[in-house]
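Pasting in a structure now, in structure tokens, and then I'll have a few things to ask.
Think of it as A, B, C and D in the order they're written, each chain with its own count starting at 1.
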Amino acid sequence: MIVVKVGGSAGIDREAVAADVAALSAQGERVVLVHGASAETDRLSELLGHPSRTVVSPSGQQSRRTDRRTLEIFAMAALGIETFSYVELLRRHGANGVGVFGALSGPRKHVRAREGERVVVLRDDYTGKVERVDARALAALLESGAVPVLPPLAVSDDGEGLNVDGDRAAASIAAALAADTLVILTNVPGLLRAVEDTGSLLRQVSVEEAETFAQGRMKKKAMAAREALAGGVRRVQISSAQLDRPVRRALEGAGTLVG
Amino acid sequence: MIVVKVGGSAGIDREAVAADVAALSAQGERVVLVHGASAETDRLSELLGHPSRTVVSPSGQQSRRTDRRTLEIFAMAALGIETFSYVELLRRHGANGVGVFGALSGPRKHVRAREGERVVVLRDDYTGKVERVDARALAALLESGAVPVLPPLAVSDDGEGLNVDGDRAAASIAAALAADTLVILTNVPGLLRAVEDTGSLLRQVSVEEAETFAQGRMKKKAMAAREALAGGVRRVQISSAQLDRPVRRALEGAGTLVG
Amino acid sequence: MASSCPECGANVGVGNKPMAGEIVQCPDCGTELEVKNLQPLELAVAPAEEEDWGE
Amino acid sequence: MASSCPECGANVGVGNKPMAGEIVQCPDCGTELEVKNLQPLELAVAPAEEEDWGE
């Protein structure tokens, strides 16, 4: 069993990823596909006149301000564009892709943000963390031959949709389903010793090294790797989505092996 | 096992429907919820500058012109707004709603439309009919305690999303899952002898009578009733979504019993 | 403008400004034909009429 | 403006233009407090800092 996380930034070739996942599925491999939604959300937010805003946490981490309207636009982009496209593309390449929303649950988070010199708790922020995965439902879908496709969207127990980090959601899913491998596909070759030098690829790192070298969004991927490995996943590979047959290349060792 | 179809027109109280489905699910009843998307699609189409267009079939039936851009907007509205909202609301009322896209397959249809005096085949029309239901996947989800929530969206074997009629999709699902009852909730009390007289409710009709009295969109519901009954579903009830506890009222006999 | 019927070979007139996708009937065999192409004019048997549409 | 700390009762000053949701620290017991309400000024223990966000 493999969980594949593919980023939501612009420039990701969805069809290359879908074709590769379909090929693995055809060989009898069980695959769950988790995807991002950032680029489509930004574009749709612009079109709908509610442009994306960034907030900065006290520790300096940037993230999307997710008020209710942004969450609604995020759902349209994540489910209505990304999940929709991956299910179309998986079917085009012979796999039974099934989009699933509602298998991920967790609490809404009390997010803090810097406002000038002050720090405030954002009360109307629909950001969350995955704490429970409906492994039974996902396993049942896998059992029936489907390739589940999940957006980075969870639901709180109060019945609120939540914007969650796709990498860490994929780690939770991989742990909950006792997957062998978590493949994280992104728009860089892997973990780089020096961020600006794409030649400085680290082929294998420990979790500690990963967290030391990771910058910006890669920090989340290092955190996801830690959580997946702690959850019993045997292998985490962070590799590029731009390669031909990107998933299989990652399984063959492309990018960075963490753990 | 019950399949509930709720319309996508404006004025439908989603929370009333979700609360009622959740109550049935809590009593151990297996329920699948299929919903429409017309009002949200019209609104989103306007906002995105691609206003909805209607085409008229040679027989005079009006329908949504579904070119590729409209299909994409339809997916954002159906999955990203309606399915998303129903999963939120079901969770709010204690049920494990799981949005599912990809369980319905079928061919793209060669749709004909009147263009002035002429009749043309619309080659780029993403409208379809449900021919296959992934009953294994849906049964597996029901088995795991979930309430599957499905948009009126199918996928063709060439991997194209398709706008399908929600009523007939619900009939196909009910037949495929050998459901006892198909409940169709809409914004009128039921099948009316005289369309303009909401007092002229027909409490019980044969399929032939249903098809005779049905006007406009109700024709689709009569067609769906025929297909469900022919597929082995024991009972079809067409009732109002505006009632308090609309699903249970329909099960208790509100609206029109067909068959 | 005219072209030959793919079914029976008869000559089928399509008026002076045919539209892509337009349905015309072969005057000889009565088959419903579709204007597949305009330049050059090409006719094919039209797909069967479907009675239903989407949402 | 000032209000009492819900933990230790000490008097907590919040400057003249506090913001809803603003975090302030109790000068006595050091607890992190959140401005729950402005009129009247009301303080509550702030939820724990979370290290991560969404997409």
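Methods note: a residue touches a chain if its C-beta (ideal position, glycine included) is under 8 Å from a C-beta of that chain, and two chains touch if they have at least 3 such contacts.
Keep in mind it's a predicted model, so treat the numbers as computed, not measured.
Shared contact partners of subunit A and subunit D are absent; no chain touches both. Centres computed as Cα averages put subunit A at a distance of 50 Å from subunit C.
Centre-to-centre separation between subunit B and subunit C, using Cα means, comes to 34 Å. Mean C-alpha positions place subunit A and subunit B at a centre distance of 32 Å. In subunit A, the residues touching two or more other chains are 78. Contact with two or more other chains is made by no residue of subunit C. A list of each chain pair in contact follows: A-B, A-D, B-C.
Those residues of subunit B that touch subunit A in the shared complex are 44, 47-48, 72, 75-81, 83-84, 87-93, 96-103, 105, 134, 136-137, 140-141, 143-146, 149, 153, 155-161. Looking at the complex, you find that subunit A touches subunit D at residues 8, 36-38, 41, 57-59, 61, 63-64, 66, 74, 78, 109-112, 115, 118-123, 127-129, 152, 162-166, 168, 220, 223. If you check the complex, the residues on subunit C that touch subunit B are 19-23, 34, 46-55.
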